[in-house]
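Common to both upcoming complexes is subunit A, partnered first by subunit B, then by subunit C.
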Partner chain A sequence: MSSPILLRGSIRRRLIIQLLVGAALLATLMFLVVQRYARDLAGQSQDEILAASVTAILDSAAVRQGDLTVDIPYFAFSMLGNISEDRVFYAIRRNGSFLTGYPDLPKPFAASGSTPRFQTDTYDGEDIRMATATRRLSVEGQPDFIEVTVAQTRYGLRQQLAAISQTVAGFGIGFFVLSALFGILAAQSAIRPLRRLAESVSRRGLADLRPVSAPVPAEMEALVRALNGFMSRLKTSLTRSEDLIAEAAHRVRTPLATVRTQAEITLRRVDKPENRQAVREMIRAIDESSRAAGQLLDHAMVSFRSDHLELEDVEIARLVRETVDRVHPTADLRDIDLVLRLPEATMRVKGDPILMQSALLNLLDNAIKYSPADSCVHVSARITDQEAVITVRDEGAGFPKTDMGRLTRRFVRGSNTDAVVGSGLGLTIAHEVARAHGGRLFLTNHNEEGGACASLSFPLA
Partner chain B sequence: MRKSVLSLGLIVLGAILGLLLGPLAAPAQAFEIEDQISVGPADARRVLRVLSTGDAELFEETIRDFLATLPDVRVDYIVASSAELMRAVGNGDAKADLVMSSATDLQTKLVNDGRAQRYSSPVTSRLPDWARWRDHLFAFTQEPAAIVLSRKALADLPMPENRQELIALMRDHPERFQGKVGTYDIRASGLGYLFATQDARTSETFWRLSEVMGSLGVKLYCCSSQMIEEVSDGRLAVAYNVLGSYARANGDPAEVVVMLPQDYTIIMLRTAFIPRESTQPGLAGLFIDHLISRGWQAAPGAVSVAEENAWTDEAQALRRIRMGPGLLVYLDALKKAAFLAEWSSAILQ
Partner chain C sequence: MRYLLVEDNEQLATAVVDRLTLDGHVVDRAGDLGTAEDFIATTEYDLILLDIMLPDGDGRHFLQSHRASRRDTPVIVLTARSEVSDRVGVLDLGADDYLVKPFDFSELEARCRAVLRRRSGGASNVQRFGGVCFDALACTLTVGDREIRLRNRELRLFEIFINAPDQVFSKSKLVDRLFSYDVDASENAIEVYVGRLRKHLEGAEAQIVTVRGLGYRLSLS
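Moving on, here comes the complex of A and B:
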């Protein structure tokens, strides 16, 4: 029925992916920035404590009895042990020559001044951070430079950084998961109006071509406008073609009546059996055409009235009786009894009596057409909690089981109906009338041997 | 005695092997060995070489316990002075798989200078923070520095409870203490130097005490055991900075009083680490675990590192030696020379 729809991408998926990528980028950025900041901070605190150590040692340098002494204070090193369990190295040089400590410690960059300078180097196969400061003393009138270097490995720093990284990574992942969740929710809610519109359009009846009236977000204005315009054009074109069909049917029917009369006159004049047969077939074809034209007109009428439904109180029993009266002559022709069974109670529904009559007429017409001669067609009405149901049952072959679902479509005929004149519009008309009234048409077979059974239901007033 | 028989056997075996192999034998030890025992089968598949400052007979039982579940292991326990140990391990000549010492400062310096390798196990991770450093150095005993007094020599004098009282007592009765005061020769003993430097950094009282001891003709010793022996038989009235644990275990309570000074008591930590060149680090690690859980029983009177609050009833101000770079300060060559000079001038008068 519907051609396959080509799909390329998904708005929701694209939205989610874009939001996820954004969130991942943000989370990574946050991680890198915080980690960088933490590294600077941790490095800074190590530098500060190294500087304090160097200063403490320099402060202990003094000239005693004409000679330079350096008395390393205990806390100069013990404070380095307070923040981490890093290895500590030091070197004290006097006028550039080694005095005490670790002689092979890397030489600091040449510089002077008492503010400590820092550098990163390797010693004994490990990364170290070094702080160096120089102080000028005067020994017996001669300038004397003392240079102190204190170095520390960077385990503590790395451990601290690893711990911070882990925490920040946890935060980053949490942030990502949270924003991913929000992203998915946002994507869902963004496409919800679209899905709602699609649902409301697909829920519509075939003939419902009214414009969309529910409010939609601004972004969908163009789509809805286009959809409404399209539907209105479709409706115009549909109406025009129905008008055309009705007009055509009407124009065909009148000349056909004339042709039929002429054919019957001719039949009476013809004697040769083969000629008579040809004329009979001609008449039959004319009947078929005429009937089809009639039903096309009926259908056009039903379509029109369904679109502009004018409801009034309808009494079901009276409607059934009147309609059955109208088909009596046809039934009599084939010796078919119309058995009527109606309840005592009044059954009132809101409806268009002309449409309802047309629907029932079509069902009765079908029943009589497909019944064997000299049989009964049973017409009954009953009332349930919410609806009034009119049932027409014949004693014919019944509906072919395989066709049940599609018999109400236009111009679809049962697979066992070749011998009978018909257009395939009767059940369609009944179906459309029932639907216009909020009711249903349902088709069953009475029993295994057949006997088609068609029921029309209308909701009670 | 079984041990001496075993040792003798090993020495004989070693001598025979030495004679047979001659030039193929291992090069001569690069350091001076004071004592050596081997526990376990002579043809063991694995040999753990332990280099230690602790007396061999003290640790033999601990080693036997350790080997109870390791039938294919032999432990060679080599005793050296802390200075020899420091030199040998510092140069990388020790060829030891495990190094144990009571000189916490020297051990710390060896670890700081990169002579040790990392080790960690469920046992070591249960140690309190002060009992391990860098996951390289592990303490397995706590032993206090005590003042040991002879009951007979003090006789009617009041029993001092802190350094101030001891100083006053010695000043007031020089005739009783003249030539009967002993302490470590810190030039020779690593542990003595550690105790003295920790004293010096804790309180100025140490220098006053040193001067008083110097004025009384102080005798200097290499080891705690000798001082305890002399206090026990009355040759000494006071021994300062003696391993309290040894004194408790070896001194006769009727003769000696082991006093933990109330002003402050230095607590030494006996420590062990696995040297970088160890060929049996796994086995050495197991031995460290064993020492942590049982090793304190070897050093007489020592307390397990699991007991954080030992001696709190006797001495209130406990100064547990803190492993860390602070201990490097007094090992600095200049600083050490200056400290020894000052000490000598105070004590040798």
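Moving on, here comes the complex of A and C:
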């Protein structure tokens, strides 16, 4: 009966989302920074060529025979032509008035000095980059300022930038994909110890309350400590109730033994039939309660050991023989023969011999109790493909058909057992032992003779 | 048979001694381990009935030292602890059998008999009456040169008769001795077993005689 668990969010999902968002931000940032840097770098190289061109033109300006000549060298433009199909414009001004070139080329904003200045503008509907420098010459003693502006469109730059952006975007996407992968892996591995802990706890038997011993990461220490504390409290309370059952059984049984023995002796001395009947009923009641105490204790022991199952090699034939030996005197008392049929082959299973013996004892005990006097109880063992099966069959009334399904429940007894003392725990114990070993208990009635037939199966080692 | 009962619970001990004495056994009773040692030092016993929890120690230690000193008197442990592991432990320490309290006297008898039979190694314990040899340990009745194996109830019934020849036993007393209390045994069942014994005794001097209105007795014909 587990109550529904309220789920809110998932650590793994949250981790993955956070890591993905982080990776996306980083990738975008990287893209922007690299693009910006590339643009600056490309712009800078265009500026340098423009500056060189301006300087070359200025350098060619000279005063010859008292007049100013500017002989624009070829290479001043050819070096600009290196950059794709960009168009080149120029303007030369003398003392602020246009001399040659493209007259409507925008004028530079600032008064320029001998070092080139740069600006971006539009001309003829196109983006251009301009470099401007001024040179001071002396013509017949008069200062003469010559200003050269060289401009170039920016196709090449844009193309270059687009190419760089594409590459950088590729890198960015690659970076993102890689970090996303790492993120998912990291999330998985961060979750793994949690999952391992959950598995190791859920794989345990119902009352395996040992503390968690597997190593866990430091972050989970508090959780595991709390879990261990919880389990040890549970274990203490379980142990306490087991001790209580054992102690109670002891306290109850010793005085019961006295009462029973004295009742039996009294019965010998009493003659009146109604008194004898009363004493008989007394003895019967004592047997009921002492049996119940014993079975409760056995049941507690079986539950405990089933959960701390310590497996060893058990040879079925030997176990059966020893257990049957043990009940011989009780069977003898009612002149019941125990007929043992065991195969030659060894049948080895992995199990807890004490539990298995307890299960078999209960079946034998039942068979003897419910057998008519002077009959036989047949005990046999056989091997199937994967199992060793021990069968105990009596010649009694058999299991009532309607009860078959519920006889293994606690304190449930067959509807035809009124005359026999019992606690309703015997088959429960046998059932639990079989189940703890991965086997089962099945109940049938023998076809021809009709006796009850109980089989325990255990998987072979 | 001579029994030693080591049991500290006064009432239970008295009851057990009474009952075993009724069956014709001699029983000494020790209330603690020290007394038990004293008894064992001076007397040969056929069987020891040993409680586990005693005022001056654990019966299991006694059992251990008993076996360590190579005394092989059979021991049946009487215990209130019924956990299977406890029982197995007792057997490992050298007990011949164990019985969980409270026990049925018939079962105690049966277990004592089984242990004695196992330990006697064929030594006979024969009672004779009217030309009949009765060996309770071997479960045999010999009439002339006929040896008959008795079933448990026949054996117990005949034992009652041969331990007190000529005494009359009522059917109801015999029912008490022969059947466990959880079966509503009828007195008619006794007639069945008496019938079987009579058949076994055919040709012998000893006969089971019906005493009208009272019961049965074993006497010479």
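Points worth noting:
Quick note on the criterion: the second predicted complex is superposed on the first by the 253 of 461 C-alpha atoms of A that agree within 3 Å, B and C clash if a C-alpha of one lies under 4 Å from a C-alpha of the other, contacts with A are read in each partner's own complex, and residues count from 1 in each chain.
Going forward, contacts are C-beta pairs under 8 Å (C-beta built on N, C-alpha and C of every residue); 3 or more make two chains touch, one makes a residue touch a chain.
No experiment lies behind these values; they were computed from the predicted model shown.
Put simply, more of the residues of subunit A are touched by C, taking subunit B and subunit C as the two choices.
By the touch criterion stated above, A:Val320 is placed in contact with neither subunit B nor subunit C.
With both structures placed on the common chain, the touch criterion links A:Ala436 to neither subunit B nor subunit C. When the shared chain is aligned, subunit C comes close enough to touch A:Ile265, but subunit B does not. Legend: residue contacts after superposition of the two complexes on their common chain; A:Gly101 is shown touching subunit B, with no touch to subunit C.
Of the two partner chains placed by superposition, A:Leu209 touches none, neither subunit B nor subunit C. Of the two partner chains placed around the shared chain by superposition, neither subunit B nor subunit C is touched by A:Met231.
Once the two complexes are overlaid on chain A, none of the subunit A residues touched by subunit B in the first is touched by subunit C in the second. Looking at the complex, you find that subunit B touches subunit A at residues 111-114, 133-134, 201, 322, 324-326, 328-330, 332-335, 338. On subunit A, the positions that touch subunit C within their shared complex are 246, 249-250, 253-254, 256-262, 264-265, 267-268, 273, 276, 280, 283-284, 286-287, 290, 293-294, 297-298, 301, 328-330, 332-335, 354-355, 357-358, 361, 369, 373-374, 419-421. Within the complex formed with subunit B, the residues of subunit A that make contact are 69-78, 80-81, 85-88, 92, 99-101, 124-126, 155. In the complex of the two chains, the subunit C residues touching subunit A come out as 9, 11-12, 15-16, 18-19, 22, 53, 80-85, 88, 97, 100-107, 110-111, 113-114, 151-153, 172-173, 176, 180-184, 189.
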